[in-house]
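Everything below concerns the one structure shown next.
By letter and in written order, the chains are A, B and C; residue numbering begins at 1 in each of them.
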Amino acid sequence: MGSFLASRLMTDIFGGLATGTVIALIALSLVIIWQSTHVLNFAQGAMGMFATFVGMNLVFHGLNYWWCLALSVVTGMALGALTERVLIRPLYGKPEINPIVVMIGFLGVLEAIIASIWTTNISMLPSPFSEIYYEAGRRTILVSPFVIYEVIVVALVLSGIALLFRRTNLGLQMRAAALSPEVSRLLGVRVGRLLTFGWALSTGVGTLAAVIVSTGQVLAPTNMDGIFVSAFIAAAVGGLESPTGAIIAGVSIGLVEQFILDFWSTSVAPLSGVIVLVIGLAIRPQGLFTRQVSRRV
Amino acid sequence: MIRVAGLSVTYGAVRALRDVSFEAPTGQITTVIGANGAGKTTLLRSISGLARAEGSIRLDERELLGMATEDVARLGVAHVPEGRGVIAELTVEENLRLGTLASKVPLAESLASQYAQFPALERRRRNYAATLSGGERQMLAMARALIARPSVLLLDEPSLGLAPQVTAETMRTIAQLCASESLTVILVEQNAKSALRIAHDAVVLHLGQVAAAGPSREIAADPELRRYYLGVAS
Amino acid sequence: MSSLRQRFPSAWRLVATLLLLVLAVALSFVLSPLDDSKLAGGAAISIVILGLSWLIGWSGQVSLGNAGFMAIGAYVTAIWANHHATSPIVWSLVLSTVIGGLSGLVLALPATRLRGPYLAGMTLAFSFAVTPLALNWRGFTGGSGGLFINFLSTPAWFGGLFSGPDALIRANAQWPADVTLVVAAVAFYFMANLFHSRVGRAMRLVRDNEVAAELSGVNLQRARTLAFVISAAYAGLGGSVMTLLSGSVTPQTYGLTLSILLLTLMVLGGIGTLSGAILGGLIYSYSDNLVSLVNKVSGINPTSTLGANLKGIVFGVLLILTMMLAPRGLVGAGAWLRRAARR
């Protein structure tokens, strides 16, 4: 049993799951924004990273990890709400490339601001749980208390969001506002506020992912870049409309990347996302998990 | 009661409504009829704050013009839009739950009262609205509008796409609800004949202006007016 | 003037291009060697901007991958030059354009099946992959050190045009600039004709109304693919010229940051127009001056970390503001001013 758990196959699966769950989390945050406002948020990674810097930097000034985490997420939510109000709201009804371009500009601004404020920081963000891998027999399994914590947190957040959308009135209103804003308004749903809340929720989730990614790492502005691309691909392959699809695709991409890294070559690894995207979308251009809905003319 | 005075709506260079005035008294059905493009839908949309308009629209003494759509809805103005506005991707019950947001009546009680009124909906409450027939969708749209106990009901072409018997049934339901709940109903209809049959008053719109207004019996009897609301047919 | 333009559109475009080229070359004789090299950089970038402008403005597709195609063109030129040192530079340019276009085709086959956001994301993924790939494939790319080539040698007749103590310096600075201007003129002339061709009109239709385009017999996927390939070929050409100008290519040059900068310059100039691409190139030429101006006005210490990152902030903010306030860029603002003045 020990040797099986430590086999190359299982090692890759554990490693892939650890990244895959975080990818799924970010992909889900992209889907939330896409569903409510039909904007693909290219600055999502940078926004999460910005909020992470604001909150987690205080760890180095002696504040408790958990307080900093909470502060980061709240900052992220505020940043998301503000972004929707200031940058996105004026663009509703404009061509779809306008918000894309604006968010790309915002990505550039945020990365530059982060880099200019927090460059001196080269310390490792300490993890609240041990990152030492467990051993079975005399072999190492790529699972540590931190990995377990990470997977549990992601699972909790994912199910929390599923509950929010499926079971609560707030979630029902958010779904209705996304599906049919005008009818929702006629029923008294305050659509504008819900859009802002959608952005806040999404950026909060993205921030949580950024904190997880950065824990045990040097806090660097580029921490989210690679994983954001993977998450984007997961959201696209899952078919931007489907939260479940995004999660499944996110975990799968984590696994695929891990296997390409291990069995193929490190040179191809940067392209693995593109490969998954090409294959996934060649099979079904509208995403693997969206129901086929005829486009309205 | 709804009092519309001097209402004008322009879309770019097009004037959709010009100086429209009429009253829709409480407990009565006022029907708005006219040919395609006469401005009937625009009229309802401006009452709900979906179209930017000039003039005045009062609900009792309250000015509605300039209010956000959500706030108009929360004041008790229920609007069943063109095409019914049933959200196909939600279940029947989810659609109904959305309707209760504007009211203070407990959810279970509201649902029970609507299921009593429309038993067919209770049987299908867990089905997606997409699976409903045209008549059932009409029922759902009405139930969703009424569940918040509104004082005003705006209906945009409820008969559209329905079989004649279902249309007759729907019209009967509207008349009955108007009386029992003392609603102010504004009914926009292409099917002028059946609308005039149940309405107390009628407003005939022609090219965005009021061509005639008065008790529906008189409007129906006036052969001159028919060419307005029956279109080219006569 | 305007009636001539309407009666002989193609001849008009040729004359206009030649006039502009002569003007720019004349200008290069007046300007200092430093300004010449800035001008050349701007002209090279304007080729890439033009390709992007065509893609976004005419076919309605967004690409964040054009810096990647530039990298391909840049490496092709460097590798070719290192193996065939004596071949004329025209071959480097043509080869880079063709291979840039072909790699565009490879990416376009899946990408053009995608709609707006999917496409942008796919090219984003490509953009992120370029630098690591160039670092990894050391055999081709020279790894992190990059590749170096010899600078363009100035022909004797051109050197003969200069006199004085700094004749050699001026000739050597100006020759690559003038070559770049000629290349850019060819690229712009071709694009001007493309804009007004049947393909250009079909592309507009694809962007504005897919259904109408399909009904009038346009194959949507083929049109989108073509737009993408042309855009990638322009990026390849631009990358090739950049290598010829700088004499080197390094993997870090062609990352996502450059793609964002290209997008910014295009939006600032004006989406989908020739003059917008020229303006974008000019802004690129003098972007350092612009940033140091902001530095001076705001009193930020240029050696501080904020000063070092000011460029990203300035261009990001400019991109956002332009898109929100004047989405048609400087060209649009100019047209608006002309209309206002006439009133």
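Quick note on the criterion: a contact is a pair of C-beta atoms (placed from the backbone, for glycine too) under 8 Å apart; a residue touches a chain by one contact, two chains touch by 3 or more.
All of these numbers come straight from a predicted model, not from anything done at the bench.
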Quick check for you: compute each chain's CA centroid and the global CA centroid, then name the chain with the smallest gap between them. A
Busiest interface, counted in C-beta pairs: A-C
Interchain centroid distance [CA atoms averaged], subunit A/subunit C, Å: 33
Chain centres from averaged Cα atoms put subunit B and subunit C apart, in whole Å, by 56
Compute the distance, rounded to whole Å, between the mean C-alpha positions of subunit A and subunit B. 44
In their complex, what parts of subunit B are in touch with subunit A? 48, 50, 68-70, 73-74, 78-79, 81, 85, 87, 89-90, 94, 97-99, 101-102, 144, 148
Which of the residues in subunit A come into contact with subunit C in the complex? 34, 40, 42, 87, 90-91, 94-98, 100-102, 104-113, 115-117, 119-120, 225-226, 229, 232-233, 236, 240, 266-267, 269-271, 273-274, 277-278, 281-282, 285, 297
What does subunit C use to touch subunit A in their complex? 56, 60, 62, 64, 110, 113-114, 116-118, 120-122, 124-126, 128-129, 132-133, 136-137, 211, 256-257, 260, 263-264, 267, 304-313, 315-320, 323-324, 327
Residue positions on subunit A within touch of subunit B in the complex are 169, 172-173, 175-176, 179-180, 182-191
